[in-house]
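Two complexes follow with chain A in common, the first pairing it with chain B and the second with chain C.
Presenting the complex of A and B:
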């Protein structure tokens, strides 16, 4: 079929190939030479068993080289290479068997020496099989690539785990006393040769990371008193860097070289250390704040770490969560929340001076505090030093300064700085103001504080029983300090209260000089004291006589004024002479009134007692007063609500007569701000009653609109609604279809 | 049993004796206000800070009572024509009707 031309072409090709292999020798001598050279070369490069002798022992270098040159001349080297790689692939199952065996042993014992042995064994194979240097780099690199490909294909995941463990075992131990393992240079070289380092670089790095993490957590957990970072850095230099040097700086010849090589990886490790420490401190932040100021070292660390690692959001998140879980719940005392808040302010100011973190963390706390009814009272009582042994929120060394209002930014200030990048849109650049200003700014106005302050001052002033000028002086000093903060005008009322105290004393001095009396009243100016709960007690017997007598003397001294007693306030020091005993005690007036009645008659029912002292006394208060005496063993409850005087002490209840009863120690009650608001609302009841009487039924909006005409009315319609609801419960009004009307009497 | 009072620390408020209140049974809790400044008598006039003897009352012949400072300021204006602002009768200061009739210290502040 083939044409002549084709036939000729094939013949020419064949001839050409033949002559190339035959090298133009006579006959087939060249061909024979070629096949001999091929055999020698192939034999030389054949992958051998480890116990077979090296090819060098069989053939000398010259023969070997000659064969190769011949092959090269015939352009058969690529074919040789392919054959060689094929041979290698065919022999690899031997290695695989060994690898599997070592890996299995490791899996059974978890002893990393098996892995180490495996690596060395692999190295042996590698060295055995690697083609001679003089054959050129092409061959060698082809070999390395192929060997590694095959090797990695047979290494199982179990080996990777073992390798990781092996690397970990070379690390310096965390325990400083233990001896560091000898650096196994050979092993690292083997790793390098076999290409394990490049392939498993991630694993080695993760070993390093884990080591750092373990060390940081072991040494720094709960260690807040001093900064740990310098020590950690030293540890890194002493322990971790030499380890890294084995791996990353292996080719370095000089110190500078090594330094350059380690720069990159070293900063990665340093970053990881900072991150670990930062995570740890973030996790601990709540307790760190509790420990403040003993934990300032930890805060310094945190500050430095935050500069390196961007964990600010995580910190805010964690702290907010911790606050929510551990602080802002009904079980926490308001004082505790406040002091934690103050500590948070101080701590976060260290960590982040511009206050962005603080602003983000403080917001929920402030919102929560605003909802607590006793927050103001807590802050104020802290301000006046009324705390029973608790830590003062205010650092005494801090200078007292006027409250600061958040002011507009002054863009003409040459030191003006823009808001930090992560500041939210509603971030207010709070100038580092003092703690009190921050606390007061929880509320929109400081009036609430002034009101509460007034209530508190009233309680404390009225509690001063004996003529104790120092106590009044102390209050005056307090008020003077607070004036600096709140301003003179705001505390004018307190000023009057203090003046009333000294005036009372002066007046009392005068009255006593005219006619001695055992009653020493504090005379107050009605509109300058918080509204005091008005329960009208009609004091019986000698008490009334005393009151009237004193009032008469007072009017003689101040003819244009008269006294109006607030009989439920104050304390009475009494001495009770009973048949078998004498008891001396301090009691509130209601108690005194009751016992006075008992001196007229031995047995009283509670209702009769209440009727005697004026019906405005409620039963609970009366019962409490009576129980005070029962506690002292002077009265005894006989039947329901009937009490009997014990002229002779009952032996069955040998109670020690206490000189001071607890009830007497209680501060006179002054209603809180909320109660006062309700009280204010009561003023408007007359208006409401009047309009309902004249106009029949009205809707709440209508009532509100009309009340707005009344002077000083500032209640919202909601407050009015609450008040009307309260009035309805007292059966004063009735509501039908949203229209309120008076209940017909 | 005998109850002996050793010491009584009591609390009282002072009120101006305007002469009307208790007699007429008008002694409600609100107290009366000065007809000029609408501040209670026991408070102080807008110019004062301390109530009581530092900001006393003044009693007119027409029985109207004002803070002294308020009234004097009113009388000082020409528009007042020396009349009581409440009833336009010529203002004349009266000797107040005190429940006790000692007047010894009254003049201390006129």
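Presenting the complex of A and C:
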């Protein structure tokens, strides 16, 4: 039963299909017609070899159309399409063979013409096989899809490389003199037709990017004086945009159209250019800063690029790394680090006015500088214009202004702006302050600077010989300028020092008027001058007599004051009368003292000499003094540490009498801040003594807390512990149960 | 208002708490502290023998403890006296309040309260005086009492008899070591 029903159903279906194919014609005429139409259609769509004639030449249009209509009526078109695509797939190996051949040739020669030929060849195949227009878009698009699928499946990576090279060859050359290749419109059309443009858009874009990169690096590397961006933009418009038009703007009819089409891709290219330039400048930033201000063009570029490309973090990172590697190491001179730091400040102000970048970059530099022992001295000597070569850190043009303290934010300021988004939590939105304020703010207090300034001023004032009023005036002018910066009160001590200089002259004038003396001392007030290294040279012979005479006159003039001589800080103008010659020279007092002793006897041992001048002189200094005379041919070393006066010049040692002036011109030494720290500790000891005496026994923490009362106390409790332990060693204090007390006397 | 002045300012003595004074002492608290800081520095750095003083704590500069040793050659030689020094908020325009903590048998010192009768601490006070000058004055007062205006009339009476005076003095005296022990 079931079989019967099945049979009946199959018969019905068959009947239906037959009648559809047979077109309700008598017999099988319809079927024959269909068969013929099928053959014609298939034949005319069949993928052919390139040398076969086109189907149009065999069949006229009418027959062709009739066949298709017939097939359409019988709803056999989808089958036809499938058959066609099948045929195409079967024929593709032919194409693959050709493609492989071209690719191989390219691989062997690396000549992009082969690729170009390959593309044209593919296009030929494509044109040969594409179904006729009148067959409808369905058929065509099915063909295109299938053709491209097959084509891409047979294109090897080698082709992709070749294609990239081909695209690159169409770019305008970097060399402006070379003639740009004639735009090959046909090629681009072929690309488009074959779908290569869509498929390989990334590759084409990367070709463009690479071109831009190469151009930027070639033209901008090391070119910092001018801003390069405008020129680069012009280059983009002149050279790259026409090239892009070939690809992205083919269908544009008007300029506006093209513009709209290019807008998206164009901004991508522009971004890439900015990024490349930014990367380049970031890489060069350290040298750019060194070159500042000759590199301001590059900085302007960088600023603009950073607005477009977010590379700020990279910039900070690179610069910090460069600083670490090239600047902040023991080999770099402090002066150099300072000037680079100042240049960094100026440069990054240009790039990023709010100062976030600067803050991030400056932090390690400042920390490093704080650890350097001579930073303050460097800054201060620069402040007073004591630059022995090297540029001044401060711009002459910069107005002198008081030091600025970092202030709390003033929210009532109508121009107030919030902190930039990438500012760190401890970022201080300091207003652009002047360079000196920034440098001084490396340290927590400006007292250190003031102290160092005093030391330096002392050195410079003492180095002035022969009442050279001009130099004193110069120092005074310096101090006046610095007063504006540091405040009147802070520099009061300096004022006293300067006053001492003029007073000395006045007092000396008076003393001289009472009794002429050849000594012209500089009288300084002990309390206001930095600790001067005290050596107790006892001047022998006539020098002591002169000193004593002068001191006597002085105390009659100023009965409440007493002169304490610091002979080692002076210079002596000497005239030596020897048997055969007279020598005139300026020497430090120690040299003078020694040669004076030689007038008593001709041969001295060094130890005896030292004993004569008060045995506080160390051997090195004594030897140096003696060698000064040996150099001048006045003394001669005879045996170990024994010197003999040469009354008659020795001809065998015709040594040039060197000018000793440099020895005399050496700056008198005043202990630096560091040496003063030991002195400071003595002050703290007084405080500790005071508190222990009055408050009984105290714990170390309590002592530490109480020492805050001592001005400038900055030791840690550990350092204090070490200090106290040292005091215990000397039996000054004792400790029980963690409580310190004075040892009863 | 008063509490916010400054942690350095002590509760003000009622006598100086006049209206209209508040504002000036408020702004002055810092400068008083500064002056006291400077005086401390001077005192520490000068090495006047036998006198010394130091703030009780680092948070309050207005209360100090001082030590005076009797000068050699006087009946007080070898004795050490502890004193307390309290500075008013408007120091140095007003003299500090000073008392002997160690009982001191002396014509011008109240043996019970430690109050001192010294002209420069009362009507002769001047802003140019400092802790150091006060301490030096006190030290010399020990050896040279002003018997004309005694606080301790017993002491004034036997001053001329140094032997008896010394006995009385030592009877009242308490050594610092006993104190701390």
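The working rule: the second predicted complex is superposed on the first by the 675 of 745 C-alpha atoms of A that agree within 3 Å, B and C clash if a C-alpha of one lies under 4 Å from a C-alpha of the other, contacts with A are read in each partner's own complex, and residues count from 1 in each chain.
Here is the rule we use: a residue touches a chain if its C-beta (ideal position, glycine included) is under 8 Å from a C-beta of that chain, and two chains touch if they have at least 3 such contacts.
Because the structure is predicted, anything quoted here is derived from the model rather than measured.
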Touched partner set for A:555, first chain B, second chain C, both or neither: first
Partner chain in contact with A:208 - chain B first, chain C second, else both or neither: neither
Contacts of A:588 with chain B and chain C, given as first, second, both or neither: neither
Which of chain B and chain C A:172 touches, first, second, both or neither: neither
Partner chain(s) touched by A:574 [first = chain B, second = chain C, both, neither]: first
Touching partner for A:695 - first (chain B), second (chain C), both, neither: second
Chain A residues touched by each partner, larger count belonging to chain B or chain C: B
First, second, both or neither for A:162, with chain B first and chain C second: neither
Interface residues of chain A shared between complexes with chain B and chain C: 683, 711
Of chain A, residues touching chain C in the complex: 683, 686-687, 689-691, 693-697, 705-706, 708-711
Sites on chain A touched by chain B in the complex: 462, 465-466, 492, 495-496, 499, 503, 518-528, 532, 534, 542-543, 546-547, 551-552, 554-567, 569-579, 584, 589, 592, 595-596, 598-599, 645, 647, 668, 683, 711
Footprint of chain A on chain B - complex, ascending: 1-17, 29-31, 38, 40, 42-43, 49-53, 56-57, 96, 98-100, 102-106
Chain C residues touching chain A - in the complex, by the definition given at the top: 37, 40-41, 43-45, 52-58, 61, 64-67, 82, 180
